[in-house]
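Going in written order, the chains are labelled A, B and C, and every chain counts its residues from 1.
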Amino acid sequence: MNCVLGPGNILHDTLLFRVIYDGVGHVLPCWLSYAVAGLAIMLILVNGVLLGAGLFSWVERRLIGRFHNRIGPNRWGPFGSLQPLADLVKLLLKEDLTPKGADRIIFAIVPVAMLAPVVLVMAVVPFAKDTALANLNVGVLYILAVTSITSIAIFMAGWASDNRYAMFGASRGVAVLISYEVPVVMSLLGVVLVAGSMSLADIVSAQTVPFLLVQPLAFFVFFAGTSAELNRTPFDLAEAESELIAGYHIEYSGVKFALIQAAEFGAVLTSSAVMVTLFLSGWSGPFSNYLGWAWFLMKIGVLAFIFSWIRATFPRLRIDQLMAFAWKFLLPLSIINLFATALEVYFLRDSAGTLDTTDLWIMAGINFGLAFACILVFGTLIREKVRPAGPATGATLSPGEAD
Amino acid sequence: MAVQQLTGEDLADKVAAGVPDAVEGMADGVLRVKAPKIADVAGFMKSDAGLDFNFLNSISAVDYISHFEVVYHLTSLTKQHTAIVKTRLDGREDLSLPSVYHLWRGADFQEREIWDLMGISFSGHPNMKRIMLWEGFEGHPLRKDYL
Amino acid sequence: MPIQTEPMTVNIGPQHPSTHGVFRLRVTFDGENILEVEPIFGYLHRGTEKLAEERNYVQIVTLTDRLDYVSSMINNQAYCLAVEDLLDLEVPQRAKYLRTLTAELQRVASHLMGIGFFLQDLGTLGTPLMYAFRSRERILDLFEMLCGARITVSYMRPGGVFFDAPDDFWPALDQFLKDFETEYKEIEQLILENEIVMVRTRGVSVLPLDLAINASVSGPVLRASGLDWDWRKMDPYDAYDRMEFDVPIATGGDNYDRFWVRIQEIHQSIRMVKQCIQQIEPGPIRADVPLILRPKPGAEAYGRVEASKGELAFYLVSDGGISPYRCKVRSPSLINLTVTEHLLVGWKLADMIVTLGSLDINMGEVDR
């Protein structure tokens, strides 16, 4: 115990880091062991996210296979679970093409720029008790900031590819990301208000009642907004297979394509992780002191399954409908949620400014009613706006009336 | 309420009355008209209240080596009858017919196809260019002397 | 200062997942909105009409399979009707019923594919498509029992059909009809009332009836614009004069109605298949025709059917030889494409793909 991390250090709460730091500190000087421990947890994090992405790509393909009434990849490994590995080898061995008119440098940066935010987000998410790699006190803000990189990466991909489909995909992608950022941020403010902190660890410990119940509207908005930011159906306009073939990553092949795919699958997992932390009380559950990671992974699995389910079911929206959905539906909902939460917190908090479990249950009751009412009202309103007065189908016309 | 094909002489008489100097005769249920008058005849058959051929089924061209025949299959969706109109073009080079594009938009691709494959151009068609084959293709492959 | 923009021209196709074959659209976009459209095709032109002039009358049946390769039975039927008209052949009753039955099964298969790809174009990840294909596979299996082929069936011949149905065909057909009821209900539940499908397709790319008639549009596209016109009713061929069925009509003329009409036609086709099973009686399956058919010189025929895409017709001219002097195909897919420009201009890129899907074209038939 020759190297001791000060309690002010942001890595102080990270058990894994402290263990490595202490262990390595017996043989190396403290500054070096700090670096070694940092690199070690980075390695774990990056590879964990990539492995998770690989695993999820297989799980989703199997799941969608079932939704489609077919089998899905089942040849390589038990139940086909080594399929991502085979895909990876195949993609690594493929020729890495760069279009002639492409901006080579930007074109090459894109896969990394896509993958980086996915990995970075995981740094602040607590997997279990005291296991967040960095317990930032501005964790929520950090997540929002880091995920915005994706929009730049998408636009870089579209611009650098020198392909009109890619440009279409990129402009759609950026429009979607920027529009959906607003309701997503608004919905998170409600969560932050209730928890009274922006640190993810604090938010988890504040969830004596899962915020899914306390903030149903926020969860709905966040879930829809995240699906849009992840480019998944019904919001997958930037990729839009039937329209733009592959959208912004149409020109990517080989390793770069593999990285972009890993980033997309990884993003589903990290977004699920963020949602689990913010709304599903994170790693807490029975025996959470020992089995917190199991609860955490299980909750991620449930959310990822829902994402796959939605992806296999819904058709895609059109760009104007997508924008209308963000600005006319999600944004008002998130604002209503924010105001309602602010009022509830103002009236329910005790003198120390905290909310106890009973207060949370009261809020859950009020907010559920509010959520149903709002979704009903705004759903009807937006339906009138978006859907033209349709023709009556099934009516017949005799030939004599024609022309 | 089956659809009837108009094969009688009364069709020829009616068209002859409507468009003078156009009808060559009525044989085997086919109305034969002179080539330069085909658009006028078509226009009359479409606008005449008793005939009202509002639907153009198809336009076909047949190469008889000495001459070409262009066949129009027409249907009236309101009166529920059909008719076949034929016209004859002599020679093999610089063949041209008045287009019926402005009467029936459905003639658009069919006339272009006849130009492409048979080499009969249609005057008055706004976009008379090849449709199946590429621009710069030599010859008209459905002609009997091609290959 | 307003932002300076300029229109962008994009080639959609010839290789594109949603153009239903090698079809190309040269589209000028203003942002997402379509300013100009020019359909360009011919990439699949195989010269079927020229080839037919070199084949004898029976051999051409195999060429017709390859026109609209998702409804080859109906192509066979149209061609055989034309040849029978040319030769004044009388088709035996059993053959007529077998033709009607297979043609209606083929229509179900073709419409299922049309519906599946329409929803695929709408952006579903293939779930409705796979649901539709599940039933379509069963139909193709039935065809395999009949004639050994699934897609390019060449089942019908001038004067009848080539094979009688084997004994195990009828139980298999009954089983299919029983399963199809639940399978089709699943498809309908999945898609028919889906809010996003409604929002995306209702009121989009409306085809007014007068333009539809003027542009010689036929089949479900014409009926979706509000005209009750079906050649099976208007000029009954084969056993259709003994079939009871309704013609589904919609009046909107938009993408949803075109899709809805196809959905409803499947119900009617299944109804007709059931009637065929009830009414069919044992007997000969092919008229007594010589091996080499030689119609009279100068004979002409226009054999017309209501195919799954619209009015499909073969215009045959004979010079007395063993092959037709001229064999013209009136292809519904090609002529239905006449209205693309009207349907697409002013709408968005995403609508364009869906509208193409709702026209349900088949490039084998467009290019021939």
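Note that in this section a residue touches a chain if its C-beta (ideal position, glycine included) is under 8 Å from a C-beta of that chain, and two chains touch if they have at least 3 such contacts.
Remember, it's a predicted structure, so these values are computed and weren't measured experimentally.
Peer 1: By Cα centroids, which chain is closest to the centre of the whole protein?
Peer 2: If we average C-alpha coordinates per chain, C lands closest to the whole-structure average.
Peer 1: Among the chains, which has its CA centre at the largest distance from chain A's?
Peer 2: B
Peer 1: Hey, how far is the Cα centre of chain A from the one of chain C, in Å?
Peer 2: 44
Peer 1: Using mean CA coordinates as chain centres, what's the gap between chain A and chain B in Å?
Peer 2: Inter-chain centre distance comes to 62 Å.
Peer 1: Where the centres are mean C-alpha positions, what is the separation of chain B from chain C, in Å?
Peer 2: 25
Peer 1: In chain A, which residues are in touch with two or more of the other chains?
Peer 2: 399, 402-403, in rising order.
Peer 1: So which bits of chain B are touching at least two other chains?
Peer 2: Answer for chain B, listing residues that touch two or more other chains: 54, 77, 80.
Peer 1: What are the residues of chain C that contact at least two other chains?
Peer 2: 213, 227, 229
Peer 1: Spell out the residues on chain B that touch chain C in their complex, using ranges where they run on.
Peer 2: These residues of chain B touch chain C: 1-3, 28, 54-58, 60, 62-63, 71, 73, 77, 80, 84, 104-110, 113, 117, 130-134, 141-142.
Peer 1: Would you mind writing out the residues of chain C in touch with chain A in their complex?
Peer 2: Touch residues, chain C against chain A: 8, 10, 16-18, 32, 119-127, 130-131, 134, 190, 194-200, 202-203, 209-210, 213, 226-229, 248-254, 256-257, 260, 348-351, 353.
Peer 1: In their complex, what parts of chain A are in touch with chain C?
Peer 2: Residues in contact with chain C: 64, 67-70, 164-165, 167-168, 172, 233-234, 236-237, 240-245, 311-321, 383, 386-399, 402-403.
Peer 1: Flag every residue of chain C that touches chain B in the complex, lowest number first.
Peer 2: 41-42, 45, 47, 49-50, 211, 213-217, 227, 229, 233-236, 300, 302, 304, 311, 313, 315, 317, 325-326, 328, 330, 334-335, 337-339, 367-368
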